[in-house]
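Dropping the structure in here first, questions after.
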Amino acid sequence: MSETALPPGSASPAGSLWKSLAHIAYVLRENPLTAVSFGMFAFFIGSALFGPALVPYDPLETNAAAALQPPSFSHWFGTDNVGRDVFSRVIVATRLDLIISVSAVALSFVVGSFAGAIAGYRGGWTDILLNRLLDTIMAFPLFVLAMGIVAALGNSVANIIYATAIINIPFYARLVRTEVNIRREAGFTQAAKLAGNSDTRVLAFHIFPNALPPMMVQVSLNLGWAVLNAAGLSFIGLGVRPPTPEWGIMVAEGANFIISGEWWLALFPGLWLMLAVFTFNLMGDGLRDIVDPRRRT
Amino acid sequence: ASDTLVAVTGQTINSLDLHRTGTNRASYQVAINCYDRLITFGTKTLPDGSLSFDYSKLEPELAESWSVSDDGLTITFKLKPNAIFWDGSKVTAEDVKWSFDRAVSVGGFPSTQMKAGGLVRPDQFTAVDDETFVIALDRPSKLSLPDLAVPVPFIINSKVAKAQASAEDPWATEYLHTTPAGSGAYKVARWDPGQQLVYERFDGWTSGPLPKVRRIILREVPSPATRRALIERGDVHVSFDIPDKDAAELSEKVKVHSTPIANTIHVVGLNYDFEPFQDANVRKAVAYAIPYKEIFETAAYGRGAPLWGETEEIAGTEWPRKSPYVHDMEKAKELLAASAYPDGFEVPLSISTDLASWMEPTALLIQESLGKLGIKTEIEKIPGANWRTAVLVEKRLPLHLENFGGWLDTPDYYFFWAYLEGNLFNSSNYRNEEIEALTAETLHMAQDDPEYAPKIRRMFEIAMEDIPRIPLYQPALNVAINGADGYEFWFHRQLDIRTLTGAES
Amino acid sequence: MLSIKDLNIAFGTRRGIVNAVQGISVELANGERLGIVGESGSGKSVTAYALMRLLDKGGSIKAGEAVYRGIDLRRVAERDMRDIRGREISMIFQNPRAALNPIRKVGHQIEDVLRQHGRATRHDARVKAIEALEAVKIRDPEARYEAYPFELSGGMCQRVVIAIALACDPRLLIADEPTTGLDITTQKAVMDLVDGLVRARAMSSILITHDLGLASQYCDRIIVMKDGVIVEEGKPADLFADPQHAYTNKLVDATPRRGATIRSLLPISQRTPLEKRTIGNSPMLDVINLAKSFESKSGPVQAVKGVSFTIRCGESLGLVGESGCGKSTTASMIVRLLDATSGGIFYRGEDLAKLPSAGFARHPLRGKIQMVFQDATDSLNPRHTARQTIAEPLLRLGDLRGGKLRDRIDMLAGLTGLPQHLLDRFPHQLSGGQKARVGIARAIATDPELLVLDEPTAALDVSIQAVVLNLLADLRARLGMSYLFVSHDLNVVRLLCDRVVVMKEGKIVETGGVDAVMDSPCDPYTRELVSAAPQAPNRKLNA
Amino acid sequence: MARRSAAIAGRIAQAIPVVIGVVVISFLLTRALPGDPAVQFAGAAATPESIEEVRRSLGLDKPLPEQFVIYVGQLLEGDLGRSVSTGRPVATELAARLPASLELTLSALLLSCLIAVPLGVLAATRPGSLVDQFCRVLVTAGVSLPTFFTGIVLIYVFYYLLGIAPSPLGRLDFIYVDPPHVTGFFLIDAAFDADLETWLGALKQLILPAITLALFTLAPIARMTRAAMLAALSADYIRTARAAGLAPATVLYAYAFRNALLPVVTTLGMVFSFVLGANVLVEKVFAWPGIGSFAVEALVVSDYAAVQGFVLAMALLFVFLNLLIDLSYSVIDPRFGTSSK
């Protein structure tokens, strides 16, 4: 966003790209856990992009004769109750899960930032109105609200995304509101106005980008929650439609097989889910450091 | 202690009064265990040694004896003279009349069920004296007596109930909802909705042999995994209605009863409102494309009874019966090629979230198999609350899974509900003039009538030829028992605790 | 009493080792008052923290020794060090409000120290704490004991901090810029108090400051530090009279004092003759009865209660007054960032007060009235490089693009003395003076006619302040701008302004020529302001 | 004091529009649910006439605005309506189930705080150290797993395999009698009753579900504690305290920790609302007769009154909780209610 305010030809693009990379490398080196999480993220992105092409079995192909087989050389993660290969399903599910979490977070990020930024900047009635609205959303136990929305709209992937986005909006809106509010009277805001920026420009190009670092932490947390949320919805039967592979629904359905000894059904998707949430959570701090210019030298 | 048994179930009991609007299926067991009916079905021993109700035998419960007039229009009951309610008062014909009046008047399901036996209006019931009760029928029907043995026409202590009734609530539904007033073998000692129901034996019970167990605690545990852990570890004695998979696996560790449910079939419904399914070749192609055996193995884990691959001529009137269809993709392809849709079509395949445990694997297998024919399906999971509306009331699901079980175990009764146009369980919008006529003729006809069997066989033929509902298998009701005995299967699929005994002998 | 030998302090950071202090040696006698002066980053605070063993993570004493009354401060166990802190050596800091625990009653905070060092028991702690409050001359100590920091003024907070520091009768008091952020009048009161207490208790003290004037007024001996080493040491009068080291010389020169001219603040080598400027007769800005009230929870606050003044073309007007008197509010209204409640702002005859501030960004006059902000750090967008910052008004208000824009930015950087290579840095990579230059370059980018300067040098070191002031004077002459210069430092106002307006509680109490007002103030408040300003000893006549 | 009460009164006033909003949204949401309650409650084998009859008796044949007016009217009389599926007044239902959920939620939060807060403090005192990284991994792992999964795994390991945990059969094993109802919190009621055995029984049942929920909430609390502690520890007043020679423990707890508590308390409020949501799943796994499982059931069968009542109760709880947080805020922070806060 701040890019538009950049005067043309300030620094050579290659040079600044190199600098950014060097900065990212530094942040990663400084914190090994973050580095690990970025590595895992790359892995997930790889699975999402190439997984469907690489997996050994068709994730939808049933084989009643080979149902509920424990992990073996031919089925690394075993097979499920209709004989589908769990490994293939887990890998193929990556794409959908990433789509769900990223779009849900993107949606709440955009809507929340927009509402929060305007309320934080304008103050007064806009602010009061937004705050009451957010309070109202927050007054619902969030998961139950998501359930209600999915139940009302039907359990399609899109609706799961909407529901997840709606319950996350308050977090973004609140965060942005505070961040914008403390910068509303800041010197650089006033300076931007003096430089001839309209209020909209000041808000969009000067104040808002400064709220990004704390937002990044929220984003990473929410990416994880979004997947967990989908899993929870699956557990009560409101998840994505079968036979689409999705971690949440696989864990939710597999959970019922734990006691009967078919642990692999829930364990592997659960492990992947956990790794993904884990990755997102740990990435947050790294992302914040990367988007924070103060960390640059 | 063997004078207390603990049972778990996944369902929640939401009322102690079956007649109330909104009472769910799981609550019917209160009507069975806490109330008596005039009569009940007999008991038989199945080939596997377990006990089951016997539709062919009617036995007294509150009634000592009964007689049917020659024209079949009047049934006269003599009540047991020593039968008492829990409060010690005598069970009179007046109570029976009040209870029957209630069942036909409250509307909703109880009234519908009563209607099946030809019991429609209060003026059909007369209490002649304390111990004589007479039912006047509009026309003779073989269903009338059996319909008195289903859970609905239970006898309430009308003195207690009337004392609690009011102008807005003449049938005391408020009161009986939480406080049963009956003469049954067990009283409700405690009811924590959503948690547990504690039964306590009524020692003055006269309608049958006094139960052995004094106290039975019924706990509600929603998670099937938890239920399985509990029964396996022996912390509970009875786990009612367990999933087929658990039944298959647990049978080595604990006693598991799996009884195919009478008059119940899991079917694939092909809706005639959906144009391609009006084509007989398409319907048959679908029927041949279904991998029956795999479904029976993966969805039912082999529990229940297969209902496909009949090769012989239709001889008897047993129902459910096997269909002539088998999994034969070649034939399916041929049939589809011969139809108006040789290249297939797209159709949603609808299942219910509440019944996902069998519907989902079944749907997956069907989806895959139909895909090979060129029929593209998308599985649509419909939330439980919406399911009934969509499948039965609006009948708008083109391709769906469905299961209907008739309480009254006759084929005509099944056909009445499932194959007649407009009737609730005919989710396929199927209409066949001949079946309409045949059902009307046979529904009330005695089963030993010489005309009965040929007509029924004709109905079977048409249903199998038209195949609007493709039978998959007859499901089983699975009950795991650990440290108890005496379980008996009932058509109403409820736990009858009256026959349970303590530790296995 | 305290002897420091060859002290070396280093920090391990992302860019490698930073040698903050490189071999300094200091002796401090009993009862001596030592001043440490030097520009920002010269290692003053680090030295003090090292003595208290309170260095941040990553910082450590690499070499040398510090011995306090025979105790080796470098090696003494942490447990014993805790007894030394507060009881033997105490420290007070700048920004007193932040230095107090915001959610603990001040009385309890004093008690904590007293009880930690066994100076009080549970029973007499309260009495002793109140005594400590009395010692720092707080009015009504009984009541103040119960107060929370947010209920006290900055000056009072600093008194509480001093009470905490002195509660256990330490022998040595280290004061690290104790008056930064305080009002000029409060500053004097606080310094007088500290000095009085130190003398009365015959303590030693170390005063860390970058204000040579202040140090010379309150210290027996002054150490001048630069880049982690001591460059000069001596009595204040000597130091001023005959600074030996070039850096000291520069520092002495840069300290504003009576009789100095703006050029005399600079080292001799940089003094060029001032360009002549002409002050027109026509009024450029006429402020008439300008008033502003804010709505607050406890009713309306009258921040500015009707001020009127005139600035002529090319003239510089000073606006002085204590903190909170309404200077910034007035300035904001004039640059149209704030809507006035009533009154007129006539810019070349046009009443700007009638134009709502919200839409003024698109007004053709936007580029003509610009402002330089009090806090250079705060006024730069942390995500924009210096170049982006300077380009901003050019892009929004002008139509320069591409190469022309680059040239213009380079020209502005040259004009404000900002080296080219700094243009692609982010604010946090720039020093205070550099940030001030960026702010000024941005303000003059659109060739404004009126520049409002809201304490542009308040956060700067004196030597940098000297450069910035000269820069401002040069720019004014070269570009023919008029200034409204807001400040509370009369010595600075005198250097740059032709006339001065003195404000108190939202009203103007005195107006007149700079020299007239400062030499013979009529209003008692002005008189108080003038006398509170620290006065450095006179400099030896120097060319 | 007056200032504080005024500020708290202000917060209560702020809650009014929230409650109104919740009433409207929950009404609309329930009506948007796809199921037809009339069909649902008419039962199996219902005829169109009997469905119509049920619809009339539930008042669902009236136009939406009229239904809303009736609903609001009843609400104003304190009548939450009657749950069709359980047949009992929603208020009774909530009163019976809320304590169960609250007992679980609060125990879980308490447990979580007992672990997460010290962890956070520990991590903050050694930022970047191994301890810090370990805490980070630990709490993140806790929040990475769906609660129902953790719950089932815990049951599997501790009940099924090891047999240490009691049977996951709700709040109290059937060998015990419920303690006499005072607060509805079994632990408290049993304590009132001086019935140690029941108390232990209730505690045993509580442990696994509480751990399940606590694991889930470690992360936000620990993270916030760490961040707040870091901020507090780098504050100027900590430097003053250290320069005055205060003992490290005093500095850490009396100075830094108390200040850090403020953001942590705020986070707790958020976490609470979070846990109430997660409760829904955990209650299902542990057969916990709480409000969450009730809500799910109600939602599934489109039991309008029950869903609305549940949501309203949650909203009031939320409002109450926020008041509580404000109150504790005002106790911790003397600046509460002034313009500086």
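For reference, chains read A, B, C and D in written order, and residue numbers begin at 1 within each chain.
Everything below uses one rule, namely that a residue touches a chain if its C-beta (ideal position, glycine included) is under 8 Å from a C-beta of that chain, and two chains touch if they have at least 3 such contacts.
These numbers were taken from a predicted model, which means no experiment stands behind them.
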A-D compared against C-D, more contacting pairs: A-D
Gap in Å, rounded to a whole number, between the CA centres of chain C and chain B: 88
Mean-CA-position distance for chain D and chain A (Å): 24
Euclidean distance of C-alpha centroids - chain C vs chain D, Å: 50
Separation of mean Cα positions, chain D and chain B [Å, integer]: 40
Shared-contact residues (touching 2 or more other chains) in chain D: 33-34, 152, 155-156, 160, 284, 299-300
Chain A: positions in contact with at least two other chains: 151, 255-256, 258-259
Where chain C touches two or more other chains, by residue: none
Listing of all chain pairs that touch each other, if any do: A-B, A-C, A-D, B-D, C-D
Footprint of chain D on chain C - complex, ascending: 52, 54, 82-87, 90-91, 93, 95, 98-105, 109, 112-113, 116-117, 148, 150, 161, 164-165, 167, 296-298
Touching residues (chain side chain C, partner chain A) in the complex: 14-15, 332, 335, 337, 358, 361-362, 366-367, 370-371, 373-375, 377-385, 387-388, 391-393, 395-397, 401-402, 405-406, 409, 424, 426, 428-429, 439, 442-443
Residue ranges of chain A touching chain B (in the complex, touch as defined): 60-62, 64, 67, 81-83, 151, 155, 237-238, 241-243, 255-260
Residues of chain D touching chain B in the complex: 33-37, 39-48, 50-51, 53-54, 57, 84-88, 93, 96-97, 152, 155-156, 159-160, 163, 167-171, 174, 284-287, 289, 293-294, 297, 299-302
Chain A-touching residues of chain D, taken from the complex the two chains share: 14-15, 17-19, 21-22, 25-26, 29-30, 32-34, 128, 133, 136-137, 140-141, 143-149, 152-153, 155-156, 160, 219, 270, 273-274, 276-281, 284, 292, 295-296, 299-300, 307, 310-311, 314-315, 318-319
